[in-house]
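Two complexes, one shared chain (chain A), two partners (chain B, chain C).
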Partner chain A sequence: MPNLLEVRDLSKRFTSAGSAFRKARSMHAVNGVSFDLAKGRVIGVVGESGCGKSTLARLILRLIEPSGGAVHFDGDDLLAKSPAQMRRLRARMQMVFQDPYSAIDPRYTLARAVAEPFEVQGVTPEKPMTDEVAGLLEMVGLNPGLATSYPHQISGGQKQRVGIARALALRPSLLVLDEPTASLDVSVQAQIIGLLEDLRSDLGLTYLFISHDLSLVKYFCDEILVMYLGRVVEALPDTAAPARHPYTRTLMESTFEPDPKKRRLIAPLEGEVPSPFDLPPGCAFVDRCPNASALCRSETPALSTETGHAVACHHPI
Partner chain B sequence: MKVSSMAIRSLDAFARMSIGRALSSGIGMVAGGFLILLVLVAVFAPLIAPFDYADQNLMNANAAPGWPHVLGTDEFGRDVLSRVIYGARTSLSVSATAIAISMAAGMTLGAAAGYFGGFFERAVMTVVDLTWSFPDILIALIFVAIIGPGLTSTTFAIAIAYLAQFTRLTRAQIVRLKRETFIEATINLGAKPSHILLKHLMPNAMAPVIVVGMLAIGDGIVLEATLGFFGLGAQPPTPSWGAMMSSGTAQLFLSPWVIIFPGVAVAITVIAVNLFGDELIRSLDIRDRLRGA
Partner chain C sequence: MLSVRDLGVAFGMVQPLSGVSFSVNKGETLGIVGESGSGKSLTAMSVMGLLPLSGGRITGGSVEFDGQDLTKLPERAYRKLRGGRIGLITQNPMTSLDPLQKIGPQVDDVAKLHLGLDGAEARARTEDILGTLRIPEPSLICERYPHQMSGGMKQRIVIAMALAADPDVLIADEPTTALDVTVQAQIIRLLDDLVKERDLALVLITHDMSVVAQTCDKIVVMYAGRAVEHGPVEEIFDRPRHPYTQALIACIPRGLDDATRLTGIEGTVPTVLNYPKGCPFHPRCPRAEAICATDPPEFSVAGDSAAACHFAEVANAQPA
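This part shows the complex of A and B:
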């Protein structure tokens, strides 16, 4: 399968404004991230809050301008596109947002919200607009009778379905899912995940799935990228691949095991995530790592595939 | 849920629901009813006023309230009731026009500043804040010096006096709304800045600006009366409540009705505007609480 998305060395540095009393500080929210996403695959990005997952999503869609690197979408170099070209391309790369509660304009009826993509892109749907809207609402499992409702009249799960309908209205090929279930009830989460799975097989979509929930990512994705403080520390080629990075290992061990007999004692992570503004030299994980050595403190490990799949660790497990 | 709580569906829905709800309370009904009556009086002044506002009758100057001059006459023998009725025209039209200009300019500047940010925002806000630092009377004097006394100067002075308020309010709303997910989502659909600004940001920022505009009309009436009192506003014989009070000061003890009735008109109108504005805010707040859940 050809690659739909190729991300190379993508970086974003945020700089806070300095003043007479404080030096300007900068942080690498995303640091040299590279990966390929083949058509029809699902890649998962996991990591703690603040590790740069959401920034990565916005960099790929160019909702934030990257400081460096390259993004190729279906052969197009996104960073070389003019704003007008970019607006047209957006029809093919959509996003589902973390907070469904504020993802729809409160003054828009669901019909107007779902019809907005056509209005914005100047596309006339094949069917009359009311039929098109009804079709989209049905596709995401909503009663078309809700079309005249306002966002405050429907539930969080229903709002997220509307967000998905909006994203799918223009038949995109890439869908970036930024923690689409994080602010929903557990029972509703399962419904949304089920819906996303069905849509993927029905419409042949490619997903970039961002989550802090490793068990969900393992269930949902073909490949997994593990991020820690802006860097990819491990790229698991499939969900059965053994974790080699100590951080991934800890994440995997800390997922809930339903079978009491299989439960083990979890060694919790010691220490805190260092401030992204002044990262220690060497590996960012060093203060929390059980295997840390002097080398880890002096030299930042690069992603290497020596031990099978890509791991950024001097002492992979 | 901050956005949805403040938000209203559309301008006409706002008019129907909020003004409707404000009118349905006791105070709101009385205040709103009075304002509607006042607008009707201003519009149909020639039909209602018993005399022409400029008709002088020096033989009957300073007549006490009675018949046929229900509210008495002034120092030129002009009918005070007729002049108060025609004065409503001046007060309401000057204040409403000035606030409309101020709102339109303030919303445009504030929205642009809030949306584009950066140097442009700082430049706009500095200039706007500067207008705020001048006393209203001084601004009026500047306009009088440039275009001469009259209703045009008064209108522009009032418009400038309230510009900062509308600009700042709109800017704050836009800055807050800009961070909402639905704006990012719409940008990601490929929307142009004009679509974002006109179809999402402005409609959502409108409600509080309209309420403040409503309240500002009351202040505008007072400012118009003040400027009229100093002779900077309407020029004789055009009746204006402020100018009438000014001419009435000379006969304050001889014929107090000349100053009392226009004063009462200003007071009642401003109280009605403020009460109705409060009711409007309250009706929006109830909506907040209902929606907050």
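This part shows the complex of A and C:
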């Protein structure tokens, strides 16, 4: 399968404003991230808060401007596009946000919310708009009768379905899903994940799935990128691949199984996550790593590819 | 140590909690698990005697602690107990910490109030407890403010406060929900160690079945303000008899070991204003029949566990 998305050395540096009392500081929210996403595949990006996974999602859609690197979408160099060209391209690459409560205008009916992408893009749907909206609502498992309802009249899970319907309105090929179930109850999360699985096979979609939940990512995705403090530290080619980076292993050992017979032995983890404004030289995981050596404190390990399983570690497991 | 029998709670005309029973002994961890709006936090508030603060009242049942019924305890006596022999850990550490006060004095106050220690004794105790919670350099931490610390560290401070008066029972309401998984694992391990070392009775309230599976001895599954199933954790996970428990377990991704598709539960969690009549789960239940919509089910006991379902016997006969 050809690549739908190619990300090369993508970086974003944020700088805080300085003042008379404080020097301006800068941090790399995303630092040299590269990966390919083939058509029809699902890549999961997993990491803890502050690792840069949501920033990465926004950089790819150019919702924020990268400081460096390149993004190619279906052959197009996104960073070379003008804002108008970018807007047209975004019809084919859409995002579903974590918080369905703030993603939909509370004053819009659901019909208007779902029809908004057509308005923004200046596209006239093939069918009359009311039929188009009804079709989209049905596609995400909502009763078309809800079209005249307002967001406050429906539940969180239903709102997230509306968020997905909106994202699908212009028949995109890529969906970037930024923690689409993080604010939902597990029983509703499972519904939404099932819906996304169905839509993927019915519409031939490609997903970039951002999540902090490793079990969910393992369940839902084909490949996994593990991020820590702005960098991809490991790229697992499939969900069965054993962890090679000590951080990935820590993450796996910290994720509990829903089975009392498979309790984890939790090893104490030393150290704290360093401040992204003040990263230690070398590997960012060095203070929490059981395998750390002098080399790890001086040299940042590069993401080395061996048989498709890339790991950024001087002493991989 | 702590035994709740048939607890009911009302706010005005609304009855958000009814028929909740559980007990927990020393050295034991009980998990109360349920989705949002199931009444698990309200259960914690009732046990802590904090309902009057939000305008609620206990309408029935008992909360027995060390031989006395707490529902009949006057507020003055409750104050001695609360934060003393019964400690509380909340989800968001910042609701328990004063942002304007250094850590040391905040923890000291608990021991001063409940154990009658003087300043120096209390501080020595504080540093000792911080040490047992594997907080590096306790004396330095005492001089810091909450905003200078990470979320995991703040939660450890809240646990230290809960431990400062040497409680018998610890109620932890979603203690790790706001934390990253690696930090969550550390806090869970800490709580596990405390239960063993101090012979504590721990009530762990959570929405996360995996956390329950990892750490609890017994569990109570709640739905729409009712306990629907309770028993030893292995039994509940191996042979869940209530359709809600079965569905809840089927909703959790199991990674690689199990490639079965997540099913989800049709419909949505009811809110307190539209709790269904009869069995609260019947509108979403695949097994529901006419009786489920009219008669609230009684608990059907099997071994050490019990499920409030009209068809619990049938469920038991079929492997879930």
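Things to note:
Methods note: the second predicted complex is superposed on the first by the 308 of 317 C-alpha atoms of A that agree within 3 Å, B and C clash if a C-alpha of one lies under 4 Å from a C-alpha of the other, contacts with A are read in each partner's own complex, and residues count from 1 in each chain.
In this section, a residue touches a chain if its C-beta (ideal position, glycine included) is under 8 Å from a C-beta of that chain, and two chains touch if they have at least 3 such contacts.
Please read these numbers as outputs of a predicted model, since none were measured by experiment.
After superposition on chain A, the partners chain B and chain C are seen to fit next to each other with no clash. In the superposed pair of complexes, A:253 makes contact with chain C only, with no contact to chain B.
In the superposition on chain A, contact is made by A:215 with chain C only, not with chain B.
In the superposed model, more residues of chain A are touched by C than by the other of chain B and chain C. Judged by the touch definition given at the top, the superposed model places A:189 against chain C, while chain B stays out of reach.
In the superposition on chain A, A:230 makes contact with neither chain B nor chain C. Across the overlaid pair of complexes, the angle with its corner at the CA centre of chain A and arms to chain B and chain C is 80°, in steps of 10.
Of the two partner chains, chain B is the only one touched by A:107; chain C is not. Between chain B and chain C, the shortest distance over C-alpha atoms in the superposed arrangement works out to 10 Å. Put simply, chain A uses no single residue to touch chain B in one complex and chain C in the other. Partner chain C is touched in their complex by these residues of chain A: 48-49, 155, 157-158, 185-194, 197, 212-216, 218-220, 239-240, 250-251, 253-264, 266, 268-269, 272-273. Against chain A, the residues of chain B that register as touching in their complex are 1, 3-4, 7-10, 180-182, 184-192, 195, 200, 203-204, 291. Only residues 61, 63, 86-91, 94-95, 97-99, 101-107, 116-117, 120-121, 150-152, 163, 166, 170 of chain A touch chain B when the two sit together in their complex.
Note for the complex: chain C touches chain A at residues 35-36, 134, 150, 152-153, 180-182, 184-186, 188-189, 207-211, 213-216, 233-234, 237, 247-257, 261-266, 268-269.
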